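Shared between the two complexes below is chain A, which has chain B as its partner in the first and chain C in the second.
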Partner chain A sequence: MISLAGRDILHTWGKFVFTGIGLGLLIGVTLTMAGVYRGMVEDGRVLLDNSGADLWVVQRDTLGPYAESSSVPDDLWRGIRAMPGVVQAANITYLTMQVGLGEQDVRAMVVGISPGGSGEPGWPPQLVAGRQITRGHYEAVADLASGARLGDRLKIRRNHYTVVGLTRRMVSSSGDPMVFIPLKDAQEAQFLKDNDAILMQRRRTEANPAFNRPAVPDLLDAVIASQTSNSYVNAVLVRIAPEFTAQQVAEPIRRWKRLTVYDRAQMEGILVGKLIATSARQIGMFLVILALVSAAIVAFLIYTLTMDKIREIAVLKLIGTKNRTIAAMIVQQALVLGLIGFVVGKITATFAAPLFPKYVLLVPFDTAAGFAAVLAICVLASVVAIRVALRVDPAEAIG
Partner chain B sequence: MKLPSLQRRTLALIAVIVPLLLLFVYVALRSGPLAPVAVTLTTVQSRAVAPALAGIGTVQVRYLYKIGPTVAGRLQRLDVHVGDRVRAGQLLGEMDAVDLDERMRAAQAAILSAEAGLRQAQARQIFAQSQARRYEQLVSVRVSSEESYATRQQELAVADAALAGAREDASRLRAELQALRAQRGNLRLLAPVAGLVAARDADPGTTVVAGQAVVRLIDPASLWVDARFDQISAQGLAAGLPAEVALRSRPGQPLAARVLRTEPLADAVTEELLAKIVFDALPEPLPPIGELAELTVRLPALPESPTIPNAALRTVAGQRGVWKITDGALAFAPVRLGRADLDGQVQVLDGLAVGDSIVLYSEKALTTKSRVHVVERIAGVAP
Partner chain C sequence: MNRQGIRIERLSKRYGSGDTAFWALKDVNMQVAPGEVVGLIGPSGSGKSTLLKCLGAVIDPTSGRMTLDDQVIYDEGWRVRDLGALRRDQIGFVFQAPYLIPFLDATDNVALLPMLAGVPNDEARRRALELLTALDVQHRARAMPSQLSGGEQQRVAIARGLVNRPPVILADEPTAPLDSQRAMAVIRILNDMAQQLQTAVIVVTHDEKIIPTFKRIYHIRDGVTHEEAGEGRGLG
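On to the complex of A and B.
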């Protein structure tokens, strides 16, 4: 038995393949859109993975340190380190700001990491070039996405930092590249105003008679010194002992230290559920629309492909071909069209993904789901075409 | 030879479909989670690590003299300006004496008046003495009464007491004048040592409280750097070690220096050790006091031992170690680390041997199941 569908495809293969490629580009866009959403979630996940923490201790009743600002005193970690089940506790600061790189500036998340060397919570878990920070000041490890190269000088506030190491895929939840610098520098960067602002603040303090008292000449200096120092960090990252569960360690800190503590699952909930919720819904909405448009276009394509050969179908009916055979031909053609479209779509999505400014993650599950959806849409779309084909009058063949 | 038209079409279709399928298979295997992770390798080498400590500090002086009045008052004159060099004992300025000179004149007059009173008392005493002597003789020849003689004796005793009182009064007034003179001298602001005027905090006419500095003198030869080293990376910091000081205003021109002493008191709030670093030769021109300096203290080189770059370190399940590659298979090897230098070389005390092949850089986190793809350098990293 010969394959009617195969014969027909071979007959007009150019048109068929190009239609498939066109459809494939559309499917590619849909897959990429799904990848954009997955990329956003993944950005949040890598942020948590890279911090290397099991628990995040933040200011009470805040969603810090990523979704909300939080500040805790920088000597708090000592008390937390002494709590049962805590193996490591490290201060950390996060500040998204413009970082000067040569003539330009890039938006980056500046992470202040506590001294102690690689392996402390908060340190970059792996590098792609260079080395980890060894000096306590004025060295930086930057992400490749920032455009920095080894040996570059970064300007953060008034200080210059030498890039000694590079990372890949170390980004904030909004996709900004991370720049790791020593904690003390970061504390200063977070708090330190520009020189004009400092001078103005000094003048304001001087003008305040409560601080500038002739009888106590040292008071003004002491007040100004206390105004220009920062002893706060954004969070304390905690690593717990394997024999404890996160809740067993978190509960005493919540209860006795009166701080808010998040574990990994809660943090993921905050990042995915709160921080990127609206943008994710936006992308999801777009994805739904794209899927509907793709389905409509597939239906049109198959309908027009069928209409193009309506005379041939009439001839088939005239010579007594079974309805089932005609329906099978149309469905098979639709499926082959879907298959070509899917293959082209997957290839375009994969090659287009690295071109996007933000991370696009193509998950195999999405690809499989996309494949099933494409085939389902093709089958559904061919139903309309089949109905038209079966209702054709055989007389049209000679009409 | 002419191919049948159907066969030509089939060939053309295959020519389109087959590359498409091959590309698809390539894409499915080489991207996404199934793709191998690009890594670069390095070997454990035996080398001598020369640890160094990095810290920051500010330029300070060992001796800072704050010169000001010991009592509240108004500044009358100030003869020196910032940057002047002064001798030891040089008069720098003077406080307003207000009524001190008048009080000294009054004291002098009071002394003169007391001396006149003294002379008066002396005259009275001499007279009382001669009277007493005369009545003594008269009583002995029974010309005068005993009572008159007793009266003369009593008058002599009173005159003696009055003379002693007048004498003490005079010496008290002289002492008071001395005190006023000393106070007057105390209003002069003198340089205790030879030095450089670093600040002039008040100008003539300003009222200053007791103890407030009017002029600050420094001894430029006593310039040092108030250094701070993080406690966690200050192992081996000791007096006498050579150091390099890079001033913020002169980057790239490190100055030779050495550690003078480490402070017995550490900063408990900032978790830093404090040390003082002195220059081998005073830099010219003198750096301003308070300038930021970056410090590197060199420790003696340690004997050769297996070392790895710190970028190779990973933490897996709370353990610090490296990914070792033996015959293409990945295995996590926990290590115990020794000292490290500022170039990122770390000694390995335990867990690795010289010549072991380990993962240096990797695109993403590795697991034992990761497929790796060894490259010269990770894509996107400039040479």
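On to the complex of A and C.
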């Protein structure tokens, strides 16, 4: 038996191909949306991987340092370093802000890393160009996605930083490129005020009789000095010894330091389950809507293609073609349309993904699931057309 | 199989019921022998199409009896379970318009019927080519319907109606879209093939040009038929 669907498709291949391309663009958008979600999750994982930490010690009862703000004293790390099972402990600050690059500015996550050199938690694990930060001030390592080049000057608050190294795929959970600077500079950047604000604060402090006591002449200077410096960081990153479990190390820190400690799984849960949960639901809604639109379009196309062949279907039924042969013809055409659409969609998504400002990750599982969904949608969408075709009266062929 | 043609006895068809009941066919009797071509003529609304649909097992008669060769196919109810298979294997259709399947070439349009009956593709195509040769369109065997002239399309449609060698062919205004010369050619072909394959052919027509070619004519008016002898001329 010849393939009626195949012959019809070959006969009107132009219609099928152009319809398939239209459908494919829609499928491409759907696959890209799934890739955007995967990219967000991957960005979160990369952020955790690149931090090089096993534990995150943050302000008590906060979800810091990524999902909420967190402040802990910058001398805390010494006490944590002395806890059992701790191999390394390092201060870290994170601040997402606009960073000046030439005449323009870019959205970036500025990371303050403690002195100690490569290999310390928080430091970029590898560079694609240049070197790590070696000076205590005004040097930066930037991610390539920021657009910075070696030797460029970055403006963070009032200070300028020279880019001495470049990294790749060092991004925040929002996909913003990271810029690493020395910890002291980052602490200053977090609380740095303009000169007018500093002067006004000094005047307010001088006017406060509690601080400006003639009997204690050094008190005012001490208070003003404390107001112009920042001795807090957002978190302490901890690397543990291999013979300890994360819980074995985290529990004493929680108990004795009165802080909140997250291990890798908990931090991933915060990033994926809380930080990007709303975005994920948003994308999920888009995917559902796109799937419904795709189904409606396929159903309409197959219905139209079937209605164009009502007379032929009547003739086929009159000459004894079985209903299942006619139904199979319609389903096969819907599947071919879906196949063309999926191939076009996959190609579109693959070539379009790098053009997106945020990371779009197209994973094979999503591709396979998308393919299965497209075929399922095509089969379901052909039901209406099949019902119409099976109701065609063979007498219509006679007139 | 013993060819006996088609025989209809007291066939009636009623549409609607109660006060709105309308008898489209009233006790129609008809018999067409193998190899015979008869005309069925009558004004619009006389019941021609209803009779053709009943004969073609497309609609259910209300009462009566139909016999095809030695098989009773209807006797106050269908005696055949699969009407689709009955139409495919035992009834050939030729329409006013050829209604060829536009995505199949001439050969496969004809070969489709035996293929649907389970005949292997090669054998089905061989039978199709045989008929296309007999109808003198073998040179257009690979052409798509849109590439065929009206006369060629009608000949392919006739080949499709004949390919399963049915005992009866129902032709509904087969010459309507054709000029006199081509119309006569189609009738000649139907007569020749009826003779060769011993098929009973019923031609529904309004066409004044071809009515004189029938040796026997059934007139139908208000659902009632009466038979008369035709002139039977012009076919050489």
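Just so it is clear, the second predicted complex is superposed on the first by the 388 of 399 C-alpha atoms of A that agree within 3 Å, B and C clash if a C-alpha of one lies under 4 Å from a C-alpha of the other, contacts with A are read in each partner's own complex, and residues count from 1 in each chain.
The definition used in the following text is that a residue touches a chain if its C-beta (ideal position, glycine included) is under 8 Å from a C-beta of that chain, and two chains touch if they have at least 3 such contacts.
Quick caveat: nothing in here was measured; it's all calculated off a predicted structure.
Who wins on chain A residues touched, chain B or chain C?
B
May I ask you to decide whether A:L166 touches chain B, chain C, both, or neither, giving the answer as first, second, both or neither?
In the superposition, A:L166 touches chain B alone.
For A:L10, select first, second, both or neither according to whether it touches chain B, chain C, the two together, or no partner.
In the superposed model, A:L10 contacts both chain B and chain C.
Thinking of the overlay built on chain A, is A:A395 touched by chain B (first), by chain C (second), by both, or by neither?
In the superposition, A:A395 touches chain C alone.
Look at A:R387 in the shared chain and tell me whether it touches chain B only, chain C only, both, or neither; answer first, second, both or neither.
After superposing on A, A:R387 lies clear of both chain B and chain C.
Of the two partner chains, chain B (first) and chain C (second), which one does A:R311 touch, if any: first, second, both, or neither?
second
Based on the superposed arrangement, let me know which partner A:G116 touches: chain B (first), chain C (second), both, or neither?
A:G116 contacts chain B only, not chain C.
Is A:S231 touching anything from chain B or chain C once the two structures are fitted on A? First, second, both or neither.
A:S231 sits against chain B, while chain C stays out of touch.
Under the contact rule defined above, give the chain A residues that sit at the interface with chain B and also at the interface with chain C.
On chain A, the residues that contact chain B in one structure and chain C in the other are 10.
Would you mind writing out the residues of chain C in touch with chain A in their complex?
Interface residues on chain C, with respect to chain A: 49, 52-53, 56, 58-59, 84-89, 93, 95-96, 99, 101-104, 108, 112-113, 115-117, 121, 144, 160, 172.
Hey, which residues of chain B end up touching chain A in the complex?
Touch residues, chain B against chain A: 6, 9-10, 12-13, 16-17, 20-21, 23-24, 27-28, 31-34, 54-56, 207, 209, 212-213, 229-230, 232-233, 269-270, 294, 309-311, 313-315, 317-318, 320, 340-344, 361-366, 377-378, 380-382.
Can you tell me which positions in chain A touch chain C when the two form their complex?
Touching chain C from chain A are residues 1-2, 4, 7-8, 10-12, 311-312, 315-322, 325, 393-395, 397-399.
Across the complex, what residues on chain A touch chain B?
9-10, 13, 17, 49, 52, 75, 87, 115-119, 125-132, 134-138, 144, 149-150, 164-166, 168-169, 184, 214-215, 217, 231, 239, 242, 340, 343-344, 346-347, 350-351, 353, 362-364
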